[in-house]
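There are two complexes below, and they share subunit A, which is joined by subunit B in the first and by subunit C in the second.
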Partner chain A sequence: MVEKILFVIFAVLTIIGGLGTVTRRNIVHGLLFLVFTFLNVAAIFFLSQAYFLAVVQILVYAGAIMVLFVFVIMFLNLRTFQQQEQTHRRQRWVALGLAVLVLVEFVAIFAGMTFTSARAGFSPDMVEQSGGFTRVFAWSLFERTLLPLEVASAVLLVAMVGAILLVKKEKGGDVATQAWDPEEAPPANVRDEEV
Partner chain B sequence: MEPTSATMPIPVDWYLYLSAVLFLIGAVGVLTRRNLFIILFSIELMMNAVNLNLVGFSRFHEDMLGHNFVLFTMAIAAAEAAVGLAIAVALFRNRQTLMVDLFTRMKG
Partner chain C sequence: MSDAVVQLLFLIIKALLMSLIIVTMVAFIIYFERKFAGFFQSRVGPTYLGPWGSLQSFGDILKLLSKEDLIPEQADRWVFRLAPYLIFVPAFLVMAVLPFGPVGGEPNLFGYRFDYVIANFDSGLVLFLAMGAVAVYGVVLAGWSSNNHFSLLGGLRAGAQMISYELAMGFSLVGVMLMAGSTNLVTIVDYQAGGFWSWLFIPQVVGGLVFFVATLAELNRTPFDLAEAEQELVAGYLTEYSGMRWGLFMFAEYVNLLVVSGIVATLYFGGWRAPLAVLDFIPGPIWLFLKICVLIFIYMWVRWTIFRYRYNQLMSIGWKVLLPLSLANLVVTAVVVNIFGD
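So, the complex of A and B:
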């Protein structure tokens, strides 16, 4: 019963955080809401007995990835974000209507479904026998998904090299600026206000 | 519909509803916002919604495979964030803006 109440509380906070993320005009505020959402998702992971994943969520998502975002926002030296309409005005209502429609569909489908499982959640006996959740997690990770784990490490390496190559400046001045075509430039007032 | 499991304290369909709402918030964010950063945030939101589902069903079926998949999702999310931010930096150098509807060079 307590777990259900806590789940509802954290679910509501998660949704509030998500709404804040997509509605804030200032990206730093959006980022803070996103961190809030991640922390609430981590709390739900704790409630779901995914203790290791909850800690990884806080360390990797709310820690490392968010620091990366903050660093890039700082690195780009973006000016003020106020006063500027940052949404596609015409697209907004279409998107909202579609989202509500899909949500209604989801709810209709979920309400008609019965979930059956041969087992009934991690029982205390089972956890005690197998030596804790993290031990079972590690066994499963290295026994059943060893190849995907290695592939994931390769993907991370490739992403790192790709990110470095993309950000690297070319030799002999800023080629990017030379490729700039004045005709394509957004109107000066737009450029000054919105970035 | 109540799941048949008797000892699981949180019904598995609650996870489904929560993650559906969170995923759709992320989708609306991707569709409506013009700022590249907010779009990247929204993608992270959608990935978290998927993770919630995986964890909920992993508990329901008493199987750790779902947890393993969440770990892979996190690895891919980290890679995606790094490459996405690198693209954002390159774009900002080129065009001095991050509003996605101003990137029209490839428009046919």
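So, the complex of A and C:
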């Protein structure tokens, strides 16, 4: 009973955070709302006794990824963003249609799902007996789904390398296609980086 | 009374007591910091309020409370007000997973089981890292919302520094996790049972040192206090803060010092366990308190002895020295645990 009430509270707060994220004109406020959303999702993980997942949610999403966002936005002069006019007004109907589509998909998937099927046969007692949630989580990640995990990390690595290549190309024309020559003298501003 | 009600009561008592102890300890940590700073610099430090000036911190709190609360006109008012709490709350949360005595086993208090930890939590060590990551927001947003160049530079520096050193910190902690086979702080302390030779600072000496240096940076203390370097940035991200809001930042800084000392004591120096079996009659909380005091003294010793690094030196130490060292420590520990472990 208490868990259900808490779940409703955190679910409502998550939705408020999500709405705040898309409605704030000040980007830093929007980001803070997004962090707030992540924290509430972590709280829902806590309620489901997925403690490790909850903490990792805070560590990775709220702690690492969003801090980088905040960093980038702080480097830009974001106070000018507030006065900017929305130019793609017609897009909002397309966006609305897509959002409804995604919602229908989610409902269709989750309607056929019961809690036992989502747990993949794990009960709280079983988790307790096999040495806590972290151990069970690690086992299912690195034993049962090792290949998908490695493939996913390789895909992410490819995306990262691709992003770096894109940035390099923008900066200096054809730099991306040239191999980096270590013999070449570094630019003046890099030279005195050494201690 | 049923066991669940009693445990809930214990929980509330533990949480209140812990907060009270933290607040009192921080007041005296600040006093000792100033006193030690005095000794290290051939001064006397605070002397007026109370015996040897020991009540100075309480006087300071009264002074800060009565000061005017200024918010710059161009500041982002909401974020400016929010920032102190974003540093303050995570620091307190970590104390919940820190064991200060035996956990589990036979009933030990009026026929009920009293666990000497607020939350016996499976991923306590990861929680410590997560809270460290969240605390970055406080610093960065304080710098940004003040709308002041010095503040912004201080916030950026602090953010970059904390993100860089978190990596080395996390990797050095994996060594401890591998050896104890758990991320639960209670289990890690139990692993170190049986005298000081089974404490983890002996096999994990490299990881421990990396962790210690990384925490110096995480705490923004000299030699890594670039974020509030007085000579170049006025007071960094604290420049526009005044009164009790400034006091909250200071307070959080020392709560963090206390928490980090507690974590170092728990991970590498056996937590609440006595160094020798003969000394077991002294209760666990007192051992933990003594270890924390010694570690806090070491942190102060470093702060008032070593000079501040230049910014590029700070970054190259983090990325070129600490990170490879912690990775090497991780690889060696993993191999050794895999070969000789059970």
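In this section, the second predicted complex is superposed on the first by the 121 of 195 C-alpha atoms of A that agree within 3 Å, B and C clash if a C-alpha of one lies under 4 Å from a C-alpha of the other, contacts with A are read in each partner's own complex, and residues count from 1 in each chain.
Heads up, the rule we're going with is that a contact is a pair of C-beta atoms (placed from the backbone, for glycine too) under 8 Å apart; a residue touches a chain by one contact, two chains touch by 3 or more.
Keep in mind it's a predicted model, so treat the numbers as computed, not measured.
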### subunit B versus subunit C as contact partner of A:55, first or second or both or neither
second
### Task
May I ask you to decide whether A:104 touches subunit B, subunit C, both, or neither, giving the answer as first, second, both or neither?
neither
### Message
If we overlay the two complexes on their shared chain A, which of subunit B and subunit C does A:64 touch? Say first, second, both or neither.
### Response
both
### Task
Check whether subunit B or subunit C contacts more residues of subunit A in the superposed model.
B
### Message
If we overlay the two complexes on their shared chain A, which of subunit B and subunit C does A:146 touch? Say first, second, both or neither.
### Response
neither
### Task
Using the touch definition from the top, say if A:22 reaches subunit B (first), subunit C (second), both or neither.
first
### Query
What residues on subunit A does subunit C touch that subunit B touches too?
52, 56, 64, 68, 75, 194-195
### Query
Which of the residues in subunit C come into contact with subunit A in the complex?
76, 78-79, 82, 121-123, 126-127, 129-134, 136-137, 140-141, 143-144, 152, 155-156, 159-160, 163, 182-184, 312-313, 316
### Query
What does subunit A use to touch subunit B in their complex?
1, 3-4, 7, 11, 14-15, 18-19, 21-22, 24, 27, 30-31, 34, 37-38, 41, 44-45, 47-50, 52-53, 56-57, 60-61, 64-65, 68-69, 72-73, 75-76, 78, 81, 86-88, 91-92, 95-96, 98-99, 102-103, 106-107, 110-123, 126, 136-137, 139-141, 144-145, 148-149, 152-153, 155-156, 158-160, 162-164, 166-167, 174, 176-177, 179-181, 184, 186, 190-191, 194-195
### Task
Please name which positions on subunit A make contact with subunit C in the complex.
26, 28-29, 32, 35, 51-52, 55-56, 58-59, 62-64, 67-68, 70-71, 74-75, 132-134, 192-195
### Task
Spell out the part of subunit B that touches subunit A in their complex, as residue ranges.
1, 3-10, 12-18, 20-22, 24-29, 31-35, 37-38, 40-42, 44-45, 48, 51-52, 55-56, 58-65, 67-72, 74-83, 85-90, 92-99, 101-102, 104-105
